[in-house]
Amino acid sequence: MLLQASSFFEMYADAPVTSIFMLRSQSGPAQLIRQEAFVTSPQVAVNEYVDGYGNLCQRLVIPGGTFTLESSVVAECSPTIDVYSDATYTPVEFLPDNVLQFLLPSRYCESDKVTDLATQITMGAAPGYAQVEAIRHWVHTHFTRQYGTTNSSTSALDVLQSKNGVCRDFTHAAIALCRNLDIPARMVVGYLHQLNPMDLHAWFEAFVGNRWYTFDALMPEPMGGRIIMAFGRDAADVAFASHFGNVQLQRMEVTVKEI
Amino acid sequence: MLLQASSFFEMYADAPVTSIFMLRSQSGPAQLIRQEAFVTSPQVAVNEYVDGYGNLCQRLVIPGGTFTLESSVVAECSPTIDVYSDATYTPVEFLPDNVLQFLLPSRYCESDKVTDLATQITMGAAPGYAQVEAIRHWVHTHFTRQYGTTNSSTSALDVLQSKNGVCRDFTHAAIALCRNLDIPARMVVGYLHQLNPMDLHAWFEAFVGNRWYTFDALMPEPMGGRIIMAFGRDAADVAFASHFGNVQLQRMEVTVKEI
Amino acid sequence: MLLQASSFFEMYADAPVTSIFMLRSQSGPAQLIRQEAFVTSPQVAVNEYVDGYGNLCQRLVIPGGTFTLESSVVAECSPTIDVYSDATYTPVEFLPDNVLQFLLPSRYCESDKVTDLATQITMGAAPGYAQVEAIRHWVHTHFTRQYGTTNSSTSALDVLQSKNGVCRDFTHAAIALCRNLDIPARMVVGYLHQLNPMDLHAWFEAFVGNRWYTFDALMPEPMGGRIIMAFGRDAADVAFASHFGNVQLQRMEVTVKEI
Amino acid sequence: MLLQASSFFEMYADAPVTSIFMLRSQSGPAQLIRQEAFVTSPQVAVNEYVDGYGNLCQRLVIPGGTFTLESSVVAECSPTIDVYSDATYTPVEFLPDNVLQFLLPSRYCESDKVTDLATQITMGAAPGYAQVEAIRHWVHTHFTRQYGTTNSSTSALDVLQSKNGVCRDFTHAAIALCRNLDIPARMVVGYLHQLNPMDLHAWFEAFVGNRWYTFDALMPEPMGGRIIMAFGRDAADVAFASHFGNVQLQRMEVTVKEI
């Protein structure tokens, strides 16, 4: 399916602030970028580079005053995601080299501290996809999507306590639980068609049955229509915007439609 | 300056042919991509990947029949190129690691076989930028731009004989001569504003005074207004189109304008 | 100076366990490997690969029973480390692309949560090297080196509370404080000549004055004689050994001597 | 099998010369390095780096006078190489991204100019492994191993004329012929157990049946016992020594033995 997506931000800064955005998509195994634009007002110099995961990053200095940024994309992507309940656990011995890093604990996914819960949730599930799905389903049914209950310091441990949060928090919790079982898991950020209310979105991938599968703890059912912007260990790696100074977000609009 | 550029190709194939294109630009130190599109008709699956030099490549299967491809870009780039006649030769001992590969002979730049000519052309020139400029100027004044005199097998040695060719050949000759003096040189392909007649273009960069400088053996004067698509050792690395089968190019249009 | 170093491990496992070691050094800007060996008994197949930071990793399956591993190296390295108190803060705007990741919070360095302490410790220090040195000195004087007080889940926040720990904990605390000030900081692990008691060691580097400088919160004075094995964001990235199963360390010996 | 190999060079230079060596092996899918050393006399600073293919390179300045270099290695490697006559041709459409570069013509492998010969040699052979083996066998039986008949400028085209050369030339000819058939082929350099007379060696790999296979045009039979030092498109990429100035090789000794 062909999706057109855009995100618009209006920000305000008293003084110039250096910021790093991750708001441009690239072609990859799951999507082909047909068209793409990144426009700021006022126009400023942008240093665009590729991070250690292969994501595009845009570093720029927001000048004092009002600043707007619009990123838009037209991408070919799949209307569905692969589901394969029988995919088995891939032993660490056989994981591809570059997948191993997604076994490690990270800032927002303290996988070393959730052993009891991970064990309990996946009790009875066959090692592999079924374990991940048990985790995803558990997070989906036990967590409540509620804006304003978490912030940029909230980690999986915190939210496993409160059980309130946004897609980012759902994802952190699920990732921490997967990694605890030695299942590689990584965070993905981007657009999801028909997300309601529409917003930028975060979900996760787990490596079972010798490949990555897509999971989304926020959604009741497996859904395609995703445009990936970036992936990494957790939200520390894939923040849409990192400001090194004081910036107020005054307006934000995200749209995704099929064309 | 903000440039809008596009290239359009109409091709014909009797049977499906796998082809690799290098027709999409990326942001980098010299340019920022504001907008970008890549459209084919009929629409086909594209496997887009990054080669060993960091260039974007588009692999696709041209179906039988007529096939069109349009790539367009809006990019911020410099209206001038840096010229610094006093930039000195950088000894091999001090070259950055990833620059060393551009000292090596390559398919179309037999730098190991042009010692006499390189020595003669640069006689009296100070080691470094002045040598490269002597070479560039020599090629510019001794070569004639003439379509149809060379083909995809023509190398620097061939064209140093005939002294006829297109930008690609001018560039190969200059690169071979630079490398013979242990000056790293690489081929760049992309768009040049106000090229006449307009076409996709090839030029080169040489590493002197501890950085890359842009040179163009086809142009009488240093000119900016360039959008880079790819760079590599020579045309083997940076072909706009490589067809693994029989494809006829029926029409091609290139436009570059300032906006 | 030429250092010879080795580390020997005797382990015991009831059943086969997959483990990843980071116990082999590579040549780099700060060291040249003259000689190197990696020997296990019984001999087992080793999958050696390079991680995302460029470190060598050795993945292998420890068979059931007693297993020994000896890694040794002869390396040329500097007898001193550079100290430059006047090195100034490098604004985020000007940091090299691949340095930016070391600004992010990570599993063991919750840099987003130490603002008050970082501000207080560096009060009066000039932005840059002097701030890092203030942090290093504060950790050095306030922390006590005490084996057995921390474990593999202990983070900077934990140890800023207890103020007891080992080199790894000293390092995490210092890194978290530096990053809070938007100073890139990374963990380094390897050998340190004349460390007493001898052990594998961890220290950190901070990016100020446009380059990385070496700091060691455990040592009273700047000291050279270091062989680097790996670097990363924190101990999650650079564990000497990660076991995916139950392995007992029964004996460990580390030696470093000048030759 | 466990192989111990070493290469010793005695060189002489009137004045200091910058040189790049590729004389140190790394662990990889086909081999595990157990032990390794690189010793020069006099001892000099070495800048060791990784090239675009992942090979280790040693850049150093040979001081005036006599200079010796000894590289030694103990490596676990396979006593045999895989042979699979039925491995089929992998269409360009399905080649892994990083294999595509080995389809391109290169300095010493003018694959674009050997169409008639490649077609003729492989007539009747099934597309894939059988074609490569037909080429390998043709080179093996038509070429004569003769030192001193070729030099560092000799390419596949040259040697397909003369049919005399060393392993490097055999390999270039075979690679050029393979690539002409759109079969990716790359040059490998290293040690071969029981090569007679013993020397550093060059062979090639071709990508058929979805993987790389080892071929050696010098040897009558498939033989294992190989330690890989480097691979690349051709000898331009993988020269054991590149001198940027005048250096005389006065003595060279290579040993390989099983331990």
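Residue numbering begins at 1 within each chain, and the chains themselves are lettered A, B, C and D in the order written.
One rule holds in what follows: contacts are C-beta pairs under 8 Å (C-beta built on N, C-alpha and C of every residue); 3 or more make two chains touch, one makes a residue touch a chain.
It should be emphasised that the depicted structure is a prediction, and the values quoted were computed from it without experimental measurement.
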item: Touch-network distance, chain B to chain C, counted in steps; value: 2
item: Farthest chain relative to chain A (centres taken as mean CA coordinates); value: D
item: A-B against A-C, pair bridged by the larger set of C-beta contacts; value: A-C
item: Geometric centre distance via CA averages, chain C-chain A, whole Å; value: 29
item: Centre-of-Cα separation between chain B and chain A, whole angstrom; value: 38
item: Residue numbers of chain B (touch at least two other chains); value: none
item: Pairwise touch network: line, ring, star, complete, or other; value: ring
item: Of all residues in chain C, those that touch chain A in their complex; value: 18, 20, 47, 49-53, 57, 59, 61, 91-93, 97-98, 100-101, 104-107, 110, 112-113, 152-153, 182, 236-237, 244
item: Chain C-facing residues of chain D, complex; value: 26-28, 32-39, 43, 45-46, 48, 56, 74, 76
